[in-house]
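We call the chains A, B, C and D, going by the order they appear; numbering starts again at 1 in every chain.
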Amino acid sequence: MEQAEAKTLEVIRQDAFDPAKFLEELDAFPGVDKIKNCMQCGVCTASCPLSHEMKETPRKIIEMIRAGMRDEVLASDTMWYCASCYACTVRCPQGISMAEVMYALRTIALRTARNLSAAFYKTFSDTVRRYGRMHESDLMIRFALRTNPLSLLKMGPLGLRMLAKGKMSLSVPTPIRGAKEIGKLYEKVAELEGGA
Amino acid sequence: MPGPKIGVYVCHCGSNIAGKVDMDALREFAAELPDVVVSRDYKYMCSDPGQDLIKADIKEKGLERVVVASCSPRMHEPTFKRACQDAGLNPYLMEMANIREQCSWVTEDGEAATQKAKALVHSAVNKARHLEPLEDKTVPVDPKTLIVGGGIAGIEAALKIAEAGKEVYLVEREPSIGGNMAKLDKTFPTLDCAACILTPKMVSVAQHPNITLLTYSEVEKVEGYIGNFEVTIRKRARSIDEKLCNGCGTCQEKCPIKVPNEFEEGLGMRKAIYTPFPQAVPNKPVIDRENCTYYKTGKCKICERVCPPKAIRFDQEDEIITEKFGAIIVATGYQLFDPSVGPQWGYGRYDNVIHGLQFERLSNASGPTGGKILLKDGSEPEAVAILHCVGSRDTNYAEYCSRICCMTSVKFAHLVREKTNAKVYDLYMDMRTFGKQYEEFYNRVVAERDIYFIRGKGAEVMQDPETGKLLVRVEDTLLGVFREIPVDMVILNAAICPRPDAQEVAQKFGIQRSADGFFLEYHLKLEPMKTANDGVFIAGTCQSPKDIPDTVGQGAGAAAEALKVVFAGQVTVTPTTAEVRDTLCSGCRICIPLCPYNAITFDEAKGVAQVNEALCKGCGTCAASCPSGALRAKHFDNRQLYAQIEGVCAE
Amino acid sequence: MSETKTKDAARPKGAGEAKPDFVFFPGCSLHSTAREYHDSTVQSMAVLGITLEELDDWNCCGATALSSADSLLSYALPARNLAMTQERGLPMAVACNSCFVTLNRVNALMETDAPYRSKVEETLKAIGRRLDGPVEIRHTLHIIYHDVGLDRIREKVKRRLEGLKVAPYYGCQIARPRHEFSDPEFPTEMDDILEAIGAEVVRYDRKTKCCGGALMTTKEDVVLELNEQLLREAQVRGADLIAVCCPMCQMNLDAYQGKINSRFGTDYKLPVVYFTQLLGFALGLDEKAMGFGRGFVPAGKHLKKYA
Amino acid sequence: MTQAGSPKSQAAAGEGWEPKVVAFLCNWCSYTGADLAGISRLKYPANLRIIRVMCSGRVSPAFVLKAFHEGADGVLVGGCHPGDCHYLEGNYKTLKRKLVFERLLEQFGIEPGRFRLEWISGGEGDKFARVAEELVKTVRELGPLGSTAERLGRADGLALRAEGGGGNA
């Protein structure tokens, strides 16, 4: 904690940051552009259903990106609160797709992040890779095992009711016929991204 | 056979051209072209010493053609034409190569720019070789000016021209002149009331002997050209005899039909026979035939019965007026952005979300509440939010800044505090107080009690479903926190937009629009009143958003432009018309229906087509279509253009 | 198993080999938590003369979760579905908002970002498929509103839901970013359909405010708050029930309503049903087949008088 | 070097081949738009060279053929938007002529991508720069026109006929 605070003060030392490089890294994501055009109006923040929970508002994140504060941005909790509702995106006066910016930040952060959200997105991806489709029960059980096995107990009552309503199934999921294609797709993506 | 002696003059334009294009290489290249006897470069060819170079060479070296490689001919063609003429060379023997706007400014790479400049110079030299002398012609100018739009810009222009002793027709679509300014309450930064400063001018317009005021009228058709426009105006039937009516207002009192008053921005009512506001000029009512019971059912006629001077004329018809004008000023104003286009602001959904002009009417002593700032239920607000940039500076709506909203907002904040005890929250992105005494005004208001300025764009207006309070959502960007502000009234300072019929008007007057939809000036900085159509000028917010001081300035400026035309008494018309070479014409008559100006007729006796040069504008469409090549567009003939094509392709 | 059953239901009797109108992409939820949405959609549309044919061997669109985990994959996965739709030569119909936004995201890419687009095309090549420009993707809500039309619905209604007060909740990803709907924040298509079947649509300003979606898994506390606000407005406006068009919204508002009540000390008993359940019911389809019983908060008492 | 004696040989493909594009722009709209692109300091390839005419209606098919004949790899004709024409309706004439242009080019084996007709107003500097960029890019992809030069040779006869008496004043 102390360290983090000390680091924020270093913002003053502009030579510690490389804004152009961070912007370039984000530019590689489709749909992420015009960040430099942001006029810091805060419409994104005020349109966001969850901005009041964030330590840094979405607008501030943009400014931090432009300042080149890569580590600080990736350590923030802002993007993990994005529910992809696109309210910011349709209202942004400069046409910045904040939702895409958040996807990009999460993707970069996920390469190293070790938090609850990271675990969820990884589990999700694994499930789809395995079956070609998403299976709630399988996803939830794996997610719990990955993060906090005890939470399985807490989920119990709701899970049972879901089972009762036929909204969840405990049967072993069967992969789609094209599961092999999905596997290949994952491999090709890994190859292309590794090569990039 | 040796060609004419050509001189080439390459302009550096400081570093504008020389910073990109290799001047030495270009000059030397030009010198090598056939028929070029002298090739020079100079820092500023448009300066006196630059022009003197050309003049001296014409006299001393006997130049027969001049090529200037510099900026766009739209900038300095007249300058260099005059220089040639001064030195005794026919001005139509001068050709320009545009190596600034269309070369150095648009090219990244210096070498490529130099190569392109060579091609353009080659093209110009090739054309110059085939140029021929032409003589300008002059035609007399009608001394009257037409002004379209009776807002403050049109009023200002009309008064200036009338006071200079020239005749003006002022055409206004609404029943009264005054425009949007007449709706305002106080005006920034001095807070004098709009009516107090505008009404005297409106009255002067009505009384000035040089001004013919046509209200409730519209321009239908514009023909002709500078000095000689022929305009058709429809004067809509007011349904009263204006000479008899004394403006007593009895008819309006007794009329049983009530409809929302456009002038009150939907907040107040008017009758079916009405003057839009008390200070209207002329102070004579009109009957709104769409809502009048008599026109709908054939019954009622109450107004006719109560009118003391018996001025009602139900059978009056529209009047068509055709008049000649030397110059035209278009001052058709703006339309406020409709905030309901963005439902997030709640306009049209919540009663107490209003736009700027509505607030002006609320605050105006002659408005629907008699100048009291009240909520829809008649109570006084306890908190008011003012939002800047509603529709402005927003690529979803209008990308430009509307320029007046910051000052209007500061004014509104002050007026709310002056008239109520409400807290005021002003939500701004940037505070743009750029005019004379504007920053001082802001500094005064910012210190007033219970006015809070928050730096952030108002993103959304919600309603608490339980309390009915309006909730304004904004990020206080200086604090970096989300704020939800409960208020009773929200004022949306909506963008200044082009009028919805701007395209139609532009076409009617032969002018263009810029990307933002406003009318396009000839030069953004140096010719803000001129348009691409000679003799048609623009003024006020139809050209771009502007405040009252700037609008008045441009109105007066447009008056000066119009006076320049009418005082000159004559204008030069281009000699670059089309001509028919009788020996080649086969009499096929293909050209006749092609001409947009009906300038081509058929000479039955000779069996050939004939161009009326007074009507021809030189577009060259006929020349492009003539199967036998008999029609020739002077100054743009086939030989000249072919030579240009060879030139641009050679490099 | 459920696939075969619904496919039969989708085919009008005697239509046999007639070409379907759309390839239907159900998405994972419609095959598990939201089966009632699946069945009521397919059956109602069949009654209204629109035939859906389920996309053979479709895969998960990746939802927003993959967009956050792996950018290229988040385009490549849905692109496989679009490629297969293109092979079939029909426009695609989607009922799940989340799938709708994810699939449309690929479409947008196909029109704009050229270098990245070729990367996605390369991944498809690796599995022997190709995507040739964007695919026409339609939300079933829009198909019902636009292609069927309100007049046709009114004609076909057997039970007018007169007096039933419904809050129309669209969720966020149906009209945003900009799709085919009337407005990204205040669409009116569902309102109109509900009115066409006789229901009374209550004012609902939060109609496109976010329910938090999948964040219920990772940020439960604040997402419960969002859902509480949604329920509160519906209650204040006097709604008998909330109509939705997205499995995620349905789950959050319905399955977690009990949790919300105990957390906030409220007493909401607002059934949350898919608009297609109401539509099918109004069209005379069996109440059971419409799956009203699958909701946590029972809707039965509000429907009894129309049955 | 200065005279366009043998344009084809210059257009021959090679290492440093740069496409040539000739633009005929009407004085009132497109030429003004091109000036605006400059005033706004927008950048576009230098391959595009502008010839000013008073109205796009002045551009006869012969001009377009002549440009290709002289070694141009692409041609742009720019006029006012329909309804905006300074000469009332000159650009409608241009539009009608577009079909003629296209048929002619087809006959000479010139790919349709090498010819473009655009409405560009005096306020559309950005549009002008974009069109220039796109056209040069398309022409670059199509390669030099040299390969069709022999077929183009036949243009001579027709161009001369369209030209009629040339410009003998």
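Operating definition for what follows: contacts are C-beta pairs under 8 Å (C-beta built on N, C-alpha and C of every residue); 3 or more make two chains touch, one makes a residue touch a chain.
The shown structure was predicted, so the numbers you read here are calculated from the model rather than taken from an experiment.
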Interface with more contacting C-beta pairs, comparing B-D to A-B: B-D
For chain C paired with chain D, centre-to-centre distance based on mean C-alpha positions, whole Å: 51
Whole-Å separation of chain centres (CA-atom averages), chain B against chain D: 32
Interchain centroid distance [CA atoms averaged], chain A/chain B, Å: 49
Length of the line joining the C-alpha centres of chain A and chain C, rounded to whole Å: 24
In chain C, residues with contacts to at least two other chains: 185
Per-residue overlap in chain D, given as positions that touch at least 2 other chains: none
Per-residue overlap in chain A, given as positions that touch at least 2 other chains: 90
Pairwise chain contacts under the document criterion: A-B, A-C, B-C, B-D
Interfacial residue positions of chain B with respect to chain A in the complex: 344, 389, 393-396, 429-430, 456-460, 473-477, 480-483
Chain B contact footprint on chain D (complex, rising order): 1-4, 7, 20, 22, 28-29, 31-32, 34-35, 37-39, 41-46, 49-55, 57-60, 62-63, 66-67, 70-72, 80, 83-90, 93, 97, 121-124, 126, 129, 163-169
Touching residues on chain B, where the partner in the complex is chain C: 343-344, 349, 462-463, 465-466
Residue numbers on chain C that touch chain A, as the complex places them: 28-29, 31-33, 35, 57-60, 62-77, 80, 101, 105, 108-109, 112-113, 116-117, 119, 122-123, 126-127, 129, 172-173, 176-178, 184-185, 208-215, 217-219, 222-223, 226, 251, 255-256, 259, 294-296
Touch list for chain B against partner chain D, complex: 32-34, 72-74, 98, 100-103, 105-109, 112-113, 115-116, 119-120, 122-123, 130, 132, 503, 506-507, 510, 512-515, 520, 524, 532-533, 576, 581, 584, 594, 596-597, 617-621, 623-630, 632-633, 636-642, 644-646, 648-650
